[in-house]
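Going by the order they are written in, the chains are A, B, C and D; count residues from 1 in each one.
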Amino acid sequence: MIIETIKTEGLSHLSYLIGSNGAAAVIDPQRDCESYVERARARGMQITHILETHRNEDFISGAAVLAELTGAQVWHGPNPAEPVRYAQTVREGDSLDIGSARIRVLETPGHTDDHLAFALYDTEFEQGAVGVFTGDALFVGDVGRTDFYPDRAREVSGLLFDSLRKLENLGDQTIIYPAHGAGSVCGAGMADREFSTIGHERANNPLMQITDRETFIATKVAENHYKPPYFSIMERLNTEGGSAMPRVAVPVPLDLAGLRDAGADRVIDTRSVTAFAGAHWPGALCLPVGMITAFAGWFLKETDRIVLVSDSMEEARAAATHLRRTGFDNVVGAFTKMVGAVANGQDFALTPMVDVACVKARIAEGADDWTLLDVRSIDEVEAYPIEAARHIYVGHLNEQWRDLDPGRAYTVMCASGARASVAAGWLKAQGFERVDVFLGSAGAWKADAE
Amino acid sequence: MIIETIKTEGLSHLSYLIGSNGAAAVIDPQRDCESYVERARARGMQITHILETHRNEDFISGAAVLAELTGAQVWHGPNPAEPVRYAQTVREGDSLDIGSARIRVLETPGHTDDHLAFALYDTEFEQGAVGVFTGDALFVGDVGRTDFYPDRAREVSGLLFDSLRKLENLGDQTIIYPAHGAGSVCGAGMADREFSTIGHERANNPLMQITDRETFIATKVAENHYKPPYFSIMERLNTEGGSAMPRVAVPVPLDLAGLRDAGADRVIDTRSVTAFAGAHWPGALCLPVGMITAFAGWFLKETDRIVLVSDSMEEARAAATHLRRTGFDNVVGAFTKMVGAVANGQDFALTPMVDVACVKARIAEGADDWTLLDVRSIDEVEAYPIEAARHIYVGHLNEQWRDLDPGRAYTVMCASGARASVAAGWLKAQGFERVDVFLGSAGAWKADAE
Amino acid sequence: MIIETIKTEGLSHLSYLIGSNGAAAVIDPQRDCESYVERARARGMQITHILETHRNEDFISGAAVLAELTGAQVWHGPNPAEPVRYAQTVREGDSLDIGSARIRVLETPGHTDDHLAFALYDTEFEQGAVGVFTGDALFVGDVGRTDFYPDRAREVSGLLFDSLRKLENLGDQTIIYPAHGAGSVCGAGMADREFSTIGHERANNPLMQITDRETFIATKVAENHYKPPYFSIMERLNTEGGSAMPRVAVPVPLDLAGLRDAGADRVIDTRSVTAFAGAHWPGALCLPVGMITAFAGWFLKETDRIVLVSDSMEEARAAATHLRRTGFDNVVGAFTKMVGAVANGQDFALTPMVDVACVKARIAEGADDWTLLDVRSIDEVEAYPIEAARHIYVGHLNEQWRDLDPGRAYTVMCASGARASVAAGWLKAQGFERVDVFLGSAGAWKADAE
Amino acid sequence: MIIETIKTEGLSHLSYLIGSNGAAAVIDPQRDCESYVERARARGMQITHILETHRNEDFISGAAVLAELTGAQVWHGPNPAEPVRYAQTVREGDSLDIGSARIRVLETPGHTDDHLAFALYDTEFEQGAVGVFTGDALFVGDVGRTDFYPDRAREVSGLLFDSLRKLENLGDQTIIYPAHGAGSVCGAGMADREFSTIGHERANNPLMQITDRETFIATKVAENHYKPPYFSIMERLNTEGGSAMPRVAVPVPLDLAGLRDAGADRVIDTRSVTAFAGAHWPGALCLPVGMITAFAGWFLKETDRIVLVSDSMEEARAAATHLRRTGFDNVVGAFTKMVGAVANGQDFALTPMVDVACVKARIAEGADDWTLLDVRSIDEVEAYPIEAARHIYVGHLNEQWRDLDPGRAYTVMCASGARASVAAGWLKAQGFERVDVFLGSAGAWKADAE
């Protein structure tokens, strides 16, 4: 029996291939799903089942396409309002054998109504579960968010409390296999470690240690979460069944004329934030390849014609894959020669980096037409406020930029300068001209204060 | 300007990617054509043209699918009777620029009526052609076969003579890029070297040195060639435009029950000939992975349900790819555990190897019910005849096995034992029970005689 | 914090890279140790420590070379008689931080006197161990062998019992990371699963469930184990510190003359057992690439000049790597053209496969000069005896072939035919001429009997 | 017979593996020479000879180490003053067979005194050379530089003229395999194409078309070339025989403290020039990974302790390999978290990009304390002079920065902004504080002028 973890960087999403004796199942596949088939077949295994812990809201599920490629059955939890079209509904206690692996369905609502966990037993060593696929119910160090049904906030938090008890009952020895891992934004308290057990979580996970249902509900309801607009697209596609990825992942390379003529709705600069700062295409968004999955969904529309500006075609390939996994398919090409473009007469823009001394000097100066704009999350701001700054969360600038004044100067900050660069790129794309980035941001501020 | 050679093993087919300044063209693409797009885009190049030297008869052209993937135009020579549906017809003198690469069409009929060569010039160093894509007109050390129009044999040989003169006129300095290379069965005299020039061929290629048209025709008409039945399927598909490869190249892994229940029309053993000799699935054909493209097309029907018996899934993947390139798509699965199968009670068959001493003893013995069957090509037999043997070319056994007596014993030989194993497997699949293989074959016979 | 498992096929050995915040440690590295450095550095981690669970007896430790490559410290348990020269001795309770990973030494003698386990804690979630590297003390489904100190058999079994209790005390939630996994011969009862926890083992591992020390001792003392002679070479090298692997892993390719002139002490055929059966180099040992680590150590001497006969250079590379990991460095070359060799006049040998019907017929016949030789382990023989067979364990034929009569005919069997082929190759290399292999062996016998 | 071209990016150096019938030779191997052995052996070939066209001055030859790895003989031309220690001296007409490839030595002095070309014949198609390895004598579109013996300038130019005639005599059909290709700085007129023939060069190469010896000499003597100081180190090492590359190519990852404490003589920023512009380590040199081989040799000393600042460990690995190929071995580590460093309180520096409008405005302004510094080559300056600029070649700033005034402001320009960034980084490292980069440089200037 093998379990292979397939991690999707950016999303920090964990999918799993479990196999035994020539059969295999996939848990929560990504849209680019050929690799599951290749991995399974390379091991001499046929994929017979696809198990979804819930209708994912942050990426396109590959379940429908994978089912078509393999003939496998898709299992999904009950979702009476919007039944998932490509799946069969399974219930508490349903079970399945993959070679000597026995998988038992646990209904674990809370994060979503249709949420399932899949307990894993070894029929040759059958005392107690050896593992459990916990989806977005239980992570290492955290539990799932419960803000997706705003008018039922208390109810679903209570459901999650009950679901966690059900997981706890599997016993301390049970290894957990969650749907998100180190680096995910799906849980603020998540460990930077992707292996744990029910027992270790029971002893260490702060949310698992709340034994009182009401306290748990109160804690969950008080949490702050952000929900980018693309989530609702994902929910629709994951109900209908997503389409396959293109057969070639690398986007079309563009030359300078090609980029100018591409009719792009959005030019996305996937290079590093310092490269963006140094010189960038006028109007380009700053979305370094590792930040695309977290932030593109706030700023892009599903139908946007997208052109990438990248350091290499390899980087463009990775960026396009991230975009396609989250539903932005209209990548019309990639341009990799920013310096050459300027040498061919193309204008460029700058979004300079400024340091802590400069920012403090400006604050001291107290200029009328300048704002320090803090785009961190509300939790970060509460934990370490910068009094002098106005706060708008980076994602919320997708709409709230309208509340700002294009005539003013803005210095954008976050914790390090990364999200600030995303925000700065967005503001400049909206026509703000006097925008720079506080490199180091709250980190440098704190270091300077010490 | 780059030229990248993409060699398809088995077929010894050479396709080319030529690119310059962000644009690229592909010459004679294989069916698994995503890789051309990936190679081009990784170099920052867009494929704008697909050039076919002729309607290939030995593999499925990827031109139609590649055109769909890239939006590129397909160029093909005139074929009035059966115009290629996915291509535009081009003529002598038509030309095309890919960056600084200029490509000029040369009509070079002979091998086929629609045959083109593509002369290559560098517009920055423009004196004389720098190269020429010669298709199946001119190889390193040999020229194309001219047996595809049996009732116009002399005419088309003469056309090839004229086409070679046209190539010669490009000048000695012209590098040649043929469609087949070392290891190909498309030319018996081909060098084991894949680089040459018009000048080097003019001086060394025996067929290029025949300066008299009539002598050339007589030489070509006297050649012996074999034409496997799948060629006509390829011709049909390459007129219509082939379909895309499956999204996953590895076939479905089968367990023993799966193999038994697969309803296979043909079980193909892709392991080595010695592994086949050691123990094999009863009724399996012996087609080691490196021999599939040369011999499967003699023995398989387009619609056959095929199961592979392989040493590994990696080997099965390669075998399935070879089969699909030549139109045998119905690969239902692969089995990789021959020894385990027998340990689970499966019967097995043997096709033993015998040595030269054994064969000579049998000849000396002169048994009534035994035949030494030589499956080499007629050219090989004429060059080094084995008097004691009956000759039928390995491919011709696809029909001529009917002329043999299943009650007799056969020892099959070729030059080494490889094609003899293919033939032996085929005979056993037809119900012949007393078949063995002369390992070493004509090679060992000759060594023994010396 | 990451744990990356690096599995060495053949040995089914598991080594681990554990890293956090830019630092890393390696547990039980193999001799080809550059890959640990590459993996760590690719993740931005420096290897600062190398932890050995014990002086390994079945492969060359890479600790000394890895320490030299990285400057890392090697930790090893106390071995007063033969202190490991490249390591520092650590003791119960010693501990070490790798970023947020805290590692605590547990002395766990039994398998060897110097055996350590390394308990793993997360300093950010510090209640209880999250994992433990158990070396050869505890496997999934089995425990370590205790036969290495024959005159202290009861004592060391008792020590292992105590060590297992110490592991148990870490708590059910502790994930175990053993040194051997699915497919290893180091534990007969090992699961085909490489993930488990102390809790799951406590509930399921038959040896963990023996709560009485005396019963445990009696059980362990009654076990049968085999110890190939190369183990003592490994023990010496792992005390001194092994040498580095050659800079190029692929062996020198040989042509036929090269093979003939290589002065090989042993020709090793790394192809499949059926390929060996079909035709092989006279005098070659049958050691398919996947069986080398398990069986080469019975039949080779440390200084033997070795030539490989393989299907491909890739296979030869893998075979040479297996040999070098187990101390057989003198691989002078590889030959990959067995069929071609015979076609060039080389003699070949056969070791035919026979089936169950043939074997039963021979038994029934009761020929005087024929023996059915069963080379399975004593445990297998006791579990399913074949009355008609004489039993000698495959490895023990390294010496006990002297007790057999070269004038007799032998049919060799095991469970499937694989080890029988190894044994048959060995016997033929000793000059036995009438040897064949019972393909299917006990498996087919049983299937036939049902 | 195969020829495999192994291109070393950065140096645009071409080395070759030529093989036939199990034997192989390598022409002009790089220092990281294991890959030649792996490529040859994977093809079933033994490397028996290593052929050097001359003592290379721009990289460390791998010949000595490769000879040790393989037992192959090294052939080198006559160099009586400083005989190459690891090679045997060969002469005009010496020849060698590699399978069916026959290689004949041609003495072709001019670029260096010891320069050889190796004509290639196919013994099975023996009329005329099929190819020639031309080293640095003849390139596609250009010929070798003749400035290495300043006091014999006319003499060696004449020798090269004679050598080219010798190459010409091989015949138009001869394919050329030069030691440098597209992108190399070893010939200003080189084509962006790496395939050609003697005939195509005779018709197109401007230097080959000069038929008068005196005119050729006058032309060559009038050429401008730059010779970075590391060339003399290469000459010494390539006489003695270089040492092997480290066993692991990835450098040690450093955290911020590690970088601060590394005691680096030079911090090299291998990111793109725009990333450097955006924010960089104070005092770092700007040497993007693709520019290292061309420019590091001007600014580094052989013994410098080097630390890399890179976007990724993969980039750092490539950078370290480039440095080691050119003799800078002391790479003590790599840092990949520039943004994170600043968020941890690290200061950073800026080297801003300015555009053509800004530069023209400054010129118009005519500030006393500002200089536009043009770092292009003299040939570029002569071809398109910028009157307002002061010219110093980028490499010559290694010494001539002393002629500049650290109190002035400098805007550095080249053709695009790339070399200007290298120069700007160097000036800042020397303590110049007011330095920026004219992005677009001469290209943008010209575009603006049109």
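Heads up, the rule we're going with is that a residue touches a chain if its C-beta (ideal position, glycine included) is under 8 Å from a C-beta of that chain, and two chains touch if they have at least 3 such contacts.
Only a predicted model underlies this, so the values are computations on that prediction, with no experimental measurement involved.
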Contact tally winner between A-C and C-D is A-C
Relative to chain D, largest Cα-centroid distance belongs to chain C
Distance between the CA centroids of chain A and chain C (whole Å) is 42
Taking each chain's mean CA coordinate, chain C and chain D are separated, in whole Å, by 48
Chain D residues touching 2+ other chains are none
Counting only contacts in the complex, chain D reaches chain C at residues 21-22, 34, 37-38, 41-46, 69, 244, 247-253, 255, 313-314, 317, 336
Within the complex, chain B is touched by chain D residues 1-3, 20, 100, 122, 124-128, 130-131, 141, 171-175, 191-200, 202-205
Chain C residues touching chain B in their complex are 271-280, 311, 338-340, 342-348, 350, 352-353, 355, 415-418, 439-444, 446-448, 450
